[in-house]
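Okay, so chain A shows up in both of these, paired with chain B first and chain C after.
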Partner chain A sequence: MNPSTAVAATAYTESTRRPRPRWPGFEFFMLLPALLYLVVMTQAPFILTLWYSLHTWILTSPELGKPWVGLENFNYTVLQDPTFRDAIINTLVMTVGIVGGSLVLGLAFALLLHRPFPLRGLVRSLMIAPFFVMPTVSAVVWKNLLLNPVFGLFNWITTSVGLPRTDWLGVAPKLSVITISVWEWTPFMMLILLAGLQGLPEEVREAAHLDGASGIGEFLHITLPLLGRYIQLTVLLGTIYVLQLFGEIYVATQGGPGTATTTVPFYVYQTISQSNDVGSSAAQGVLAVIFASVIAALLLRLLAGTFRGSSQ
Partner chain B sequence: MTATRRIFLTASILATLGAAAAPARAARPLATSSASVTLTIATVNNPDMIEMEKLTPVFEKQFGINVKYDTLDENTLRQKVTADVATGGGEFDLATEGTYEIPMWAKNGWVTDLQPYFTKMSPAAASAYNVNDLLPKVRAGLSYKNDLYGIPFYGESSMTYYNKAMFKAAGLTMPLHPTWDQVAAFAKKLNNPSKNVYGICLRADPGWGEMGAVLTTVINTFGGSWFNMKWQPQLTSPADEAAVSFYINLIRSAGEPGATSSGFTECETAFAQGKTAMWVDATVAAGDLTNPSVSKVAKDVGFAFAPTKVTPKGSHWLWSWALAMESASKHKDAAFSFLTWATSKDYIALVAKDKGWESVPPGTRVSTYSNPNYQKAAPFANLVLQSIQTADPNNATLNKVPYTGVQFVGIPQFQSIGTQVTQNLDAAVTGGTSVSAALQLSQTQVTHIMTIAGYIK
Partner chain C sequence: MIGMQAHGGARLRLAPRKDIKLSSIGLTALTYVIAFVVFFPVLWMVLAGFKTEGTAVELPPKLFFSPTLDNFRTAIESSGYATFFGNSVFLSVGSTILALLLGVPAAFSLGLYPTKRTPSVFSWVLSTKMMPLVGIIVPLIVIYKQIGLYDSRAGMILLYAAMNLPLVIWMMGSFFAEVPREVLEASQIDGAGVLRSLISVVLPLTAPGLAATALLSVIFAWNEFFLAVNLTGPNAGPLTVYISGFMTSEGLFWAKMSAASTLAIAPVFIAGWVAQRWLVRGLTMGAVK
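After this line comes the complex of A and B, so read on.
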């Protein structure tokens, strides 16, 4: 046997002969402190929330105590609370609007930035900028400098051409919040899709041109399918983050007018901060986790093919 | 793994765990030593409090006590401090809270009774401080069973601001005690949307302390109330419906656009920029509006009492931000020293020297108002004093009611009631629903809340 084969054989036999760590072996005890810390830090808050959701506890009414009420909080929230129903619908509508809008715009900008032109690097940096502005800051800027009916830029433009003065946040609150968020999230979509576009092989496009494909044809039949994996990635990531949207709603509309922009995260915040109701808000929080998990599971199921399938 | 490695790993893990536990043990002995006490104060981010923070080094040098601040906006402050006192956390020694919270928290034993501390003061210190100099109504609003639980840091009522130049140009005069009908007529005459100038600015942003405050004074003066003697909500009663319809219609016809986002700050900006002819809101804005460095209309500001309708009772509110000592505080004596320093006559003189007499904390001491320097710097002083003295939280409605409070109802549930109702009404302000539909929905929701809380049997 030559030396390299001997080494290889020894390594192979050693790896099959080396015993796996017996549980609980020394290695397990070494990991135990870190494991315990991880379990406590990640699970304890949720278990406490679950515990609180099964009791009634109103902070400012200590005379009511903390009695056990079982599933009463859940029963009220799911079956009787009209605002929670509105919150679920609003969350779905706004998430679809924001993710859809930023995806379309992001794709458009990515296609435009894919072509070389002078100062392309500078333009790309400027287009990425909105994503780095903190959500509350962009909401404040949009609310006070752009959308404000008395001092805002948009109304200055519309009144200069004779159109009426509009209270955007009052008359079209969902649209306003969606617009602000689309402005923030388009760069995110654009970046990922641009990376995808730049990964497309040139030979396929040239082959399509030689076969006489028009611009639209090339886009629909070549670019989009090849970008499929990237589009589905951005939709999944975007949905997970946008479901938790809070800062923009808190600053711009405070969930109003009425309950027009009250989403599930905002409603949980309202319940604990206005009503000081720990039990109800804990129940809403648990339901929000279930709701988000359902949506994430559905999306993952839809996109499961992408991650397993072969692609360029 | 070799034995050496095992020993090394075990030793390092034990050492890390030991090091993590050590600070927790080491911190305890320090708490008992009085060598350097640190007070933690939670405060709202209003200009007067920020000034207090600025002048704190004077206190630290005089008493040798360190002070740490947690400055937050009103909603966050209320949330954090409520959670702290309700769970007995003791994170803060002192907190600025208002005439809404303090009587309720005193009842729950969450804030400390200050009466024993005042009795313990030396005669010299007591007469220098003079607790009887505090405005009686404000003092009553911060007491529970006649014992003082919070010391007013500043107090305010509400009044009417108007732009004298706009009134003169239109040939109108604002009486000193206007009625809401007169104000509505003025607003319609002075409303000029094509020039981006509006008749009146009124709070309509959702919140019990935002739109709720001004709206409640309008409900009061129209002869309505939030509840009757049996704690049944009165939102659909004729008086309440008339008041709310009047308020919302006035905003829609002659008020500022973007009303549902307009609170104190937005209306103050609009008035200071000359975009609105009138504004009914807190007296504490008078100082800023007459300050030429922040207000474009500084020399044109006119003052009048808050408008009335059927009764003057409850037409202007009473509010005070006060400093209270948490029951869970571990440094009560040091906290009391700070309490009496920040509300003393010396402190007021300190602010006058630093910022000028027109910026001293208003609405706390009678002596401030009889000070000629203050009278000279603040032409609105007498109007504010009279407003504060005639705002009675125990007698703010036409008919008898089971609650106290002028612009709020002194029960813990009012935070969520007021916010829910004003949110519903906001839908009527933007024209999404009718006022009576919004009031119907609110009536149902409030009845539900009051039944669960045990007020309605």
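After this line comes the complex of A and C, so read on.
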């Protein structure tokens, strides 16, 4: 707050009147357009997705019409389509790898940055840089400049020390995509955890020092439990965002080789853009929403349970 | 850790205070190394943009080369780049303005006139942000094609505004909630209406927050790819889509690709570094200050 505000505030503190809008309900009408807009742009399309998922509808074959088929698309998607099953598994594996990897690195980096040292601001800026790089640029740079089997820098390093030349995206596609994404998401985790560290009460740490706790002991028994709420938040938000991983896959692997890196969003993209199959892609979309909601709900309960005792 | 080992010999001979200082120097050195490694892919890309095509693929990499601006010139002049760049500016700025116009009054209402339903309204707004885009993309493609919004800037602005509206409502809500009630009461005693107290009292107080919210909204729209690749073509395609065209490695011009990528991320880097202070609040939808 700037000084003039403080003056204004003290000048009127004797007033006990609750603020009242001059026109009753006006504040409601300030809220309404935003809520209506969100309903129209996000809820209505989802209802339509549900509706489409109950029909057979191929955009390129209008002569077939759009017959009602009940749950047939779901039957196909869930029980008979091996690619969709792969996509679910790939999404789970890569999300766990990306969120886990970036959480561990983010925590380590946050601890390193939570110390006074010269050029701290610059170092912090350099370390959050990957988060600002658009996903397609990240993927293009990693795929070519770093991971290319012939001209990539990684292969120059590995062959220089006598290791064989490796086509990383071909041999270890999941690990490559996880690595690229961990690079992008570590700053996200780091920033939130650093904010958490900076919010820790100094007295607690001083008390720990008096008790003789030091280094790893202090970290495990004092810092980590106190960070509980922040770790919970990063895992939850990170998971929700990473479940939507798409641009990196689109550019770096196109879901391949085979279906090795086909995620749910990428498979839905393929079904609608390449097969023009509205019914199936809508069913996949509905399942993806259910899948994401279940994971979010599970995570919330799991994390709340884990940290309930230790964080408060 | 590395530092502690390196100074292990000195440790034995020094007083504890010095020991802390040395391990601290080690940790600082480690931090510098990590920062360099983390930033390296970006640095490498920017450097490649200033190399000739021949130097860009040369291994071992040349550390000293005479920089050239040719690639940037080629990138800018190549077909469509200006259109894609312009689209990115148009879509991110346009959608941010729309999201602010809708979101600021909503946040004002929620933040300063809370009722018992306010928490559930906030939660519902957040839940729309959690909706995976694959859950809505199919009808969007179908309907946008039917009503002529497919591959149009207007259509993308409408969507990006919806994407950033929860961010605006939550972030501005958290800034408005910090405005002292007395200030608002004062303005209302003066006879100002709700709208006037928003414009003349509350907005000036929360101007830095508003600027931060706008910058973050621009960044998120600028970097969006899924909606763009599904709903745009040559007319309204933003830079994320343009860059994705470099995905086939064969016969690629790395220096030109790096120059185009550098130009594509530059605006967001500048915006991001300006908005750094508020980044955490934005990423956590106002949950962490």
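In the analysis below, the second predicted complex is superposed on the first by the 263 of 312 C-alpha atoms of A that agree within 3 Å, B and C clash if a C-alpha of one lies under 4 Å from a C-alpha of the other, contacts with A are read in each partner's own complex, and residues count from 1 in each chain.
Just so it is clear, contacts are C-beta pairs under 8 Å (C-beta built on N, C-alpha and C of every residue); 3 or more make two chains touch, one makes a residue touch a chain.
As the structure is a computational prediction, the values presented were derived from the model and not from experiment.
Engineer: Give one of first, second, both or neither to describe whether A:Ser275 is in contact with chain B, with chain C, with both, or with none.
Structural biologist: In the superposition, A:Ser275 touches chain B alone.
Engineer: With both complexes overlaid on chain A, does A:Gly196 touch chain B (first), chain C (second), both or neither?
Structural biologist: Once the two structures are laid over each other on A, A:Gly196 reaches chain C alone.
Engineer: First (chain B), second (chain C), both or neither: which does A:Asp167 touch?
Structural biologist: After superposing on A, A:Asp167 lies in contact with chain B but is clear of chain C.
Engineer: Contacts for A:Arg301 in the overlay, against chain B (first) and chain C (second): which applies, first, second, both or neither?
Structural biologist: Neither partner.
Engineer: If you stack the two complexes on chain A, which partner ends up touching A:Met30: first (chain B), second (chain C), both, or neither?
Structural biologist: A:Met30 contacts both chain B and chain C.
Engineer: Tell me which partner A:Val264 touches in the superposition: chain B (first), chain C (second), both or neither.
Structural biologist: second
Engineer: On the A-aligned overlay, A:Gln254 touches which partner chain: chain B = first, chain C = second, or both, or neither?
Structural biologist: Both chain B and chain C are touched by A:Gln254.
Engineer: Touch test for A:Lys143: chain B only (first), chain C only (second), both, or neither?
Structural biologist: In the superposition, A:Lys143 contacts both chain B and chain C.
Engineer: By residue count, is chain A touched more by chain B or by chain C?
Structural biologist: It is C that touches the greater number of chain A residues.
Engineer: Both chain B and chain C touch chain A; at which residues?
Structural biologist: 26-27, 30, 33, 59, 143, 148, 151, 254, 272-273
Engineer: Give every residue of chain A touching chain C within the complex, in rising order.
Structural biologist: That would be residues 1-2, 5, 8-13, 15, 17-23, 26-28, 30-31, 33-35, 37-38, 41-43, 45-46, 48-49, 52, 59, 109, 112-113, 115, 117-119, 123-146, 148, 151, 153, 156, 160, 183, 186-188, 191-192, 194-196, 230, 233, 237, 240, 243-244, 246-247, 250-252, 254, 264-265, 268-269, 272-273, 278, 281-282, 284-286, 288-289, 292, 296 of chain A.
Engineer: For a test of understanding, state which residues of chain A touch chain B in their complex under the given definition.
Structural biologist: Residues 26-27, 30, 33, 58-62, 64, 143, 148-151, 159, 165-167, 169-171, 253-260, 270, 272-277.
Engineer: Help me check something: in the complex, which residues belonging to chain C touch chain A?
Structural biologist: My answer: residues 24, 27-28, 30-32, 34-36, 38-39, 41-42, 44-45, 48, 57, 59-61, 102-103, 105-106, 108-110, 112-113, 121, 125, 128, 130-143, 158-159, 161-162, 165-166, 169, 180-186, 188-189, 193-195, 205, 219, 222-223, 225-226, 229-230, 239-241, 243-244, 246-247, 249, 252, 254, 257-258, 261, 264-265, 268-269, 272-273, 276, 279-280, 283-284, 287-289.
Engineer: Of all residues in chain B, which touch chain A in the complex?
Structural biologist: 1, 6, 9-10, 13, 16-17, 75, 78-79, 82-83, 86-87, 104, 108, 193, 196, 198, 205-207, 256-261, 270, 273, 275, 412-413, 415-416, 419-420, 423-424, 426-427, 429-433, 453-454
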